[in-house]
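To keep things simple, chains are lettered A, B, C and D as they appear, and every chain counts its residues starting from 1.
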Amino acid sequence: MPEKSSGKPRFVLTTRRIEALADGIFAIAMTLLVLTLTLPDMVQTKLSLSQLLAEQWPKFFNYALSFVLLAIFWMVHHQQFHVIRRTNRIHVWINIGILMFVALMPFSTDVVGDYSHETLAELVFSANLMILGLLFLLNWWYACRKHRLVDPDLDRETIVGGIRRSCVTPGVAAVSMILSFFVPGWGLWVYMLIPFIHMLPWFRHND
Amino acid sequence: MPEKSSGKPRFVLTTRRIEALADGIFAIAMTLLVLTLTLPDMVQTKLSLSQLLAEQWPKFFNYALSFVLLAIFWMVHHQQFHVIRRTNRIHVWINIGILMFVALMPFSTDVVGDYSHETLAELVFSANLMILGLLFLLNWWYACRKHRLVDPDLDRETIVGGIRRSCVTPGVAAVSMILSFFVPGWGLWVYMLIPFIHMLPWFRHND
Amino acid sequence: MPEKSSGKPRFVLTTRRIEALADGIFAIAMTLLVLTLTLPDMVQTKLSLSQLLAEQWPKFFNYALSFVLLAIFWMVHHQQFHVIRRTNRIHVWINIGILMFVALMPFSTDVVGDYSHETLAELVFSANLMILGLLFLLNWWYACRKHRLVDPDLDRETIVGGIRRSCVTPGVAAVSMILSFFVPGWGLWVYMLIPFIHMLPWFRHND
Amino acid sequence: MPEKSSGKPRFVLTTRRIEALADGIFAIAMTLLVLTLTLPDMVQTKLSLSQLLAEQWPKFFNYALSFVLLAIFWMVHHQQFHVIRRTNRIHVWINIGILMFVALMPFSTDVVGDYSHETLAELVFSANLMILGLLFLLNWWYACRKHRLVDPDLDRETIVGGIRRSCVTPGVAAVSMILSFFVPGWGLWVYMLIPFIHMLPWFRHND
C-alpha cells in the first residue's frame, strides 16, 4: 500500500477507495432488485401460479430495465474514473450523492412495479434516474473543469464527449416523464432506447 | 493502477473490473438465497417448530442446490476469465446478461420452494439455469471465436473442452424440464448429477 | 501476496484484511437502508400513492441522513487506517465492535422511521451513533497511544486532530438525545450540522 | 494479473479467488443478521415501543452473538489461508460447504430469536455452528495432511495448534447442545466463552 504515509493531517481518500465502495454498492443494489419480485401468497389470492406469474409480468420488465440501467451507470462510472486521477472533498460528496441514488433504485423499481400504470409511480422512477444522470454529469464536469482532477493534457474531445454522453440519460428521463402524463404505463419503454442511443456515432466511444 | 491513462475516448472496461462486479453479485446472490428460508408465524399456523422445520424440508434442499449450482457457475466464470484477456462492448453485454440471471436465482429458488411439486415452478427454475448455461456458452464461444478475446496461441483443446463443459448445465436443465412434466417434484434431483458429470474424463480438467 | 509465509503460529490479520471486510460491511449496510423504505399495501390502507409517499416523507429524510452519516464514518475509517500500520488482537476486537454497530444502522433507521416523533425511537438512533462514534474514538486513541500501531514519527498534530474530529459525532449525538426529550421529532435535524462542523477550521483537514 | 496464461486446460482456481468470495459472503451474512431484528407492527400488537424493544431483548443478544461468532470464523479463515498456498478440487468443495453454512447463519439466528427458550431452536443454531466448526477443522486437516496444500517446511507446531484451535467451536457447540436439553434458553450463553478460551495459553497464538 504505497499511499500509506504518516505526515501532516490531510484529506486522504483516493479514487481507488471510492471505486471500491462504488463497486460494492452497485453490485448490492443490482442484486437487491430481485427482492422486488415477490409472489403473493397463493392461498390468500386464490390464483394459480401461472396467473400470479402473468400478473407479475410488469415487474419482470422493470427488474430487467433497472438492472440494465444500473449496469450502464456502472460502466459510465468506470469510464469517468478511468481518467479522474485525484479527488477532493467536494468530489467525494458528489460521489456519495451518486451512490445514495444508486442505492435508492430498488425502491423506485418497487414503486413502479407495485403501482404500474400510475403516472406518479413512473415520475418517481424517472426522477431517480434523472437525478442520477445529472449527478454523473456534475461529477464529470467538476472533475474536468480547468482539468481540476484529470491529467493536464486530457484532450477536449474526451471531455466534451463525456458531457454529451452524460446528457443521454437525463434527456431520456425528461422524455419519459412527459410521456408518463399522456400514456401512463408506457413511459418506461422509452428507456430501452438508451443502449441504442449510446451506439449512435455522435455518442459512441471508439472501440 | 497502470491502466489509467488520458488519451482518446475509448471503451475502457477491463476484464478485471467485470470480474470484481461478478464476484460481488455472485457473493450477494448466494447469500440472499438464505432469505428463501423463512419460518411462517407459529401462532398463526398453530404448528410446532418441529412441524414447521419438517414442512420446510424442500426449501433446505433447494437452498443447498441453488448455492452449489451458483458456486459451480462462479468457478466456470473464473475458468473462462482465466484465459479471456480483453473485452469489448458485445462481450460486456453478454456478461451483464449473465449477472442478471445470477441475481435472479434467489427468486427462482423462492418460486420452486413455495410451489414445490408444481410443474410450472420447476420450469421457471430450470429455465433460469438453462438461460444462464447458454449465456456462459455464448460468453466462451464469443471470446474464443477466431481467438477474438483470448491469446492467439490458445490451443484448440482448451477451447473445445470449454464448449463441451458449458453444455453440461443446459443439457441437464433440458432433462430436468422434461422430467418436471412427468414426475413433478422430482425434476430437481437430476441437477445433483452436475458435479459428478464434471468429474467424468470427457468433461474434467487436468488437475 | 507477499505476507504469506510459513513459520511460527502468529496472529496474522493485516490492516488490509480489516479494510476489505469494513468496505464490504459499509457498502452493504448503506444499501440495506433502502429496505427501510417500504410502501404499505395501497388496497389495505385505501390511500393513494401520493398520500403514501407524503406519509413516508420522514423515512426519506432518515434514509438520506443515515446514508450520509455512514458515508462520513466510512471516510473517517479510511482516514484512520491511512496511518494505522499494524493491528493486534485488541485492535481487531475494537473494529469488530465498530462493524457490529455499522451493520445495526439499518435497524436503528427503521425504528426511527416507523416511530417518528417518539423520544425513545430517537434515543435508539442516537445511541447507535454515539456508540459508533465512541468506538471510532477508542480505535484512534488505542492505535496512537504510545504510537502503538502507527509510525513512530507520526506527529502530535495528526493524533490530536484525529481525537478532536472523533469527538464531533458523539458530541452531536449527545445534543440530539437531549433535544429528543424536549422536542421529539426534531432531534435528528441536529445531525445535519456534522458535515458543516467538519468544515470548521478547528476540525478540518488540510486539503 | 500474473496468473493469467494460456495453455493446457487446468483447474485454475487460486486461493486469492476463494478468499475474495469468502470475504464477500462473510460481510453480507454478518450484515444480513440485522434483518433478524424486526419490530412487529405497533398498531396490531397494541404494545408501546419500549415494550416491543424489551421483548426483543433476546434478539439483540443473538444478533451480537452471531456477529461475533462469524467474525471469529472470519479470522480463523484468514489464519488458515495465511499458510494455505494452493487449492484443488476437493479443497474448493470443502470451502463451498463452509460458505454455505456461513450464509445460513442469518436463518439459524432468526430461528433461535423467534423461538427462544425452545430446545429445538437452540439445537438448530448449535448444529449450524458445529457443522461450520467441523468443516473448518476438515479444511485445515485436508490442507496440512502430508503438507498437501501448505509449504513443505511448515512446522508441526503450527499444524497441531491449528487443529487444537479448530476443535474449540465444535466442542463448545456440543456442550451447548447438551445444555439446551436441560436448561432451554440458557444454552447459548456458553458460546460467550469462545473468545476467552481462545485466550488460554494452550489455544492462543503468539502475538
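One rule holds in what follows: a contact is a pair of C-beta atoms (placed from the backbone, for glycine too) under 8 Å apart; a residue touches a chain by one contact, two chains touch by 3 or more.
All of these numbers come straight from a predicted model, not from anything done at the bench.
Between subunit A and subunit B, the superposing rotation on Cα atoms measures out at 90°, rounded to the nearest 5. At the interface between subunit B and subunit D, two copies of one sequence, fewer than half of the residue numbers in use are shared by both copies.
Averaging C-alpha coordinates per chain places the centre of subunit B 25 Å away from that of subunit D.
Distance between chain centres (mean CA atoms), subunit A to subunit D: 35 Å.
Each of residues 24, 28, 32, 35 in subunit C touches at least two other chains.
A ring topology is adopted by the chain contact network, closed into one cycle in which each chain touches exactly two others. Chains touching one another, given as pairs, are A-B, A-C, B-D, C-D.
Across the complex, subunit C meets subunit A through its residues 16, 23-24, 26-28, 30-35, 37-39, 42, 49-50, 53, 63-64, 67-68, 71, 74-75, 78-79, 82-83, 85, 150-151, 153-155, 157-158, 161-162, 195, 205-207.
Taken in their complex, subunit B has these residues touching subunit A: 1, 3-4, 6-13, 17, 20-21, 24-25, 28-29, 32, 35, 88-89, 92-93, 96, 99-100, 103-104, 106-107, 110-111, 114-115, 118, 120-121, 124.
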